[in-house]
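Read from first to last, the chains carry the letters A, B and C; within each, the first residue is number 1.
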Amino acid sequence: MLEISNLACARGDHQLFSGLSFSLTQGELLQVEGINGSGKTSLLRTLCGFMIPEAGEVRWRGENIRELREEYHAEMVYLGHLNAIKDELNALENLHINAGLSGCALDDKQAIAALRRMGLRGRETLPVKVLSQGQRRRVALARLLVGKASLWILDEPLTALDVGAVGLMQELIGEHLAKQGMVIYTTHQPLEVAGVTTRRLSLS
Amino acid sequence: MAINWFKYSAPSTFYGLAGKLVPWFAWSSAILFAAGLYISFFVAPTDATQSEAYRIIFIHVPVSILSMFIYLVMALYAALGLVFNTRLSSMMATALAPTGALFAFIALWTGALWGKPMWGAWWVWDARLTSELILLFLYLGFIALHSSIDDPRRADRAAALLAIVGSVNVPIIYFSVKWWNTLHQGATIKFTGTSMHVAMQQGLWLMMLACWAYVFAITLTRVRSIILERERNTQWVSDLMGERS
Amino acid sequence: MNTFGAGNNLSLLGLLGLVIRRDLVLAMRRRADVLTTLIFFVMVVSLFPLGVGPELDMLRKMAPGVVWVAALLASMLSLGRLFSADYLDGTLEQLLLAPQPLSMLVLGKMIAHWMVSGLPLVLMAPVLGLQFDMSVQALWVLVAALLLGTPILSMIGAVGAALTLGLRGGGVLVSLLVLPLCIPVLIFGAGAVEAVTSGMSVVSHLSLLGAMLLLSLVFTPWVTSQALRISME
């Protein structure tokens, strides 16, 4: 469903990678590997459509993502280094806004259930700025539970998470893949999903 | 600058072409300036109402017309670079900006020098001069934005958008300043001669052409150094540097 | 409590409402930011009599220009808040990734920004006008002109704010870029109030402002979206 052909990316004067081609279909898990500075984040951002590649194309269901724009966005979700949650709002409000912007219906019960699954029971209505880094990351990840995106693009999702949360992430990814979803991610910590072989793409 | 575009749209080939053209334009400019200034100062007759001071128009008029024209050309190149993603177009826009700003600045100074003998003040908020001042601000904004952004690609595209927004606004700004000036019964600096003596016309034309040639020469030179800087990591530039040393 | 609850696939208007509500709630929870713009406006206007002397005739003539320039400067100052907070915590990226027309989201942010930064200026202006001994008629026209003009300032400013996202030099750079473009608004806005005192037609000025407002509404959200995409590369 996701095809990358002959992709080349540059950052300023610096050529990061070129001639990159791969594809991703339903149920697949792809890890992008590479040393620091090899262009992992730039690749993920190019897949999101933020960066225009120097050469090559990113295609979703056969069409260039730059032409699809909103249709592509409806089917993917991106989690970067930043949590993308507002400190002044509480976790529930953040989830509701996300849902509204993504065009999903979300009632309070579903939102609370998602937050509880992420281990935030009792913290749903606290302003996010009083939560710890790990808890904020969990709020950010809760977005994955309530959306209906099939493609997950995750840039170091495990940052700031404790062992329990890492295990939870592995479960969530497993469930998503079982539902015919796709995940492409980078990580500096080991991430193993039960019963799934991780494909690896190296940029170095 | 409307040469067979597609052949020369690669920075590497344009570099060579520009290099060949610069001396021609530079020499033409020098000759035209010499001729134009001679006519302006020695041949054109003294004006009945404004005496010798009017001669400043031989610099002021070409420079102010060109400053506006350069802005439009700059915005056009910037738009081309934005829409078609051609690097050379953006480089041309960046190369034009300082010259345009300089011309706007000279236009302001010469306008003030012209106004002083007529109105007794260095600056009288004449509509055209005020618009020229705003044009200078637009140029400076373009240059400031471009130099504030480190990533050259983002810099080109952001400055291009600004130039396009600016050029759409220029008529609106000009109209409102003109209106503002007439409302407040401001002074208008204009040439009051009923018909221009032939020598004056010749002088103006020569100076206009001289300024044109100057713009070509200086912009092509500037774009050559921009090309070298941007393309410094490519093969052809290293080859060129190798040849030189 | 669900301020942001929404059903499936919001209509454009519903989307606009969501974005406006979001920004308003955020502004309410950071009230200090909001008040500083208003205080700046009041201070700048009050500085002028201190600088030029309290002679009422002169102040009355200067008043429209002074209030307008202060409104312009206060708007420039407030532009920092439009996108930078969202840019810094990553929510702006998510707005760009939302399956919604970006122009709509941007328009929502512009409207919320005006409600928080522009509208208070409009409401404060009559009080300040009294400091300058403006007539009641002049005050009404001032309010009308500001009501039409401050949204235009917010919208043109948004283009500048989007182009300068994350750059050092922040507020000054945005002002350098945006102020020349706002000059027509200044001229016709102040001109409208002066027309009252000189007995000329106020309607023509206000209609020109109205026309500029419509033009801005149509074009600036799209231009700002393009600027955001350029800045987020």
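As a convention for this text, a residue touches a chain if its C-beta (ideal position, glycine included) is under 8 Å from a C-beta of that chain, and two chains touch if they have at least 3 such contacts.
Please read these numbers as outputs of a predicted model, since none were measured by experiment.
Participant: Comparing centres built from CA atoms, which chain ends up most distant from subunit B?
Facilitator: A
Participant: Quick check: more C-beta contact pairs in A-C or B-C?
Facilitator: Counting C-beta pairs in contact for A-C and B-C gives the edge to A-C.
Participant: Work out per-chain C-alpha centres and flag the one nearest the whole-protein C-alpha centre.
Facilitator: If one averages C-alpha positions chain by chain, the most central is C.
Participant: Using mean C-alpha positions as chain centres, tell me how far subunit A is from subunit B in Å, no decimals.
Facilitator: Those two chain centres are 49 Å apart.
Participant: Taking each chain's centre as the mean position of its Cα atoms, how many Å separate subunit A from subunit C?
Facilitator: 36
Participant: Let me have the rounded angstrom distance from the C-alpha centre of subunit B over to the C-alpha centre of subunit C, please.
Facilitator: Averaging C-alpha atoms per chain gives centres 33 Å apart.
Participant: Find every residue in subunit A that makes contact with two or more other chains and list them.
Facilitator: Correct list: 52.
Participant: On subunit C, where are the residues touching two or more other chains?
Facilitator: 233
Participant: I need the residues of subunit B touching at least two other chains; which ones are they?
Facilitator: Residue numbers touching two or more other chains: 151, 153.
Participant: In their complex, what parts of subunit B are in touch with subunit A?
Facilitator: 85, 150-153, 232-233
Participant: Over in the complex, which subunit A residues touch subunit B? Could you list them?
Facilitator: 11-13, 52
Participant: Over in the complex, which subunit A residues touch subunit C? Could you list them?
Facilitator: Per the stated touch rule, the residues are 48-52, 70-71, 73-74, 76-78, 80-89, 92-93, 96-108, 127.
Participant: Quick check on the complex: what are the subunit C residues that touch subunit B?
Facilitator: 159, 163-164, 167-169, 173, 176-177, 179-181, 183-184, 187-188, 191, 212, 223, 226-227, 230-231, 233
Participant: Once bound in the complex, which stretches of subunit C touch subunit A?
Facilitator: Against subunit A, subunit C makes touches at 2-10, 15, 18, 22, 25-26, 29-30, 88-91, 93-101, 105, 232-233.
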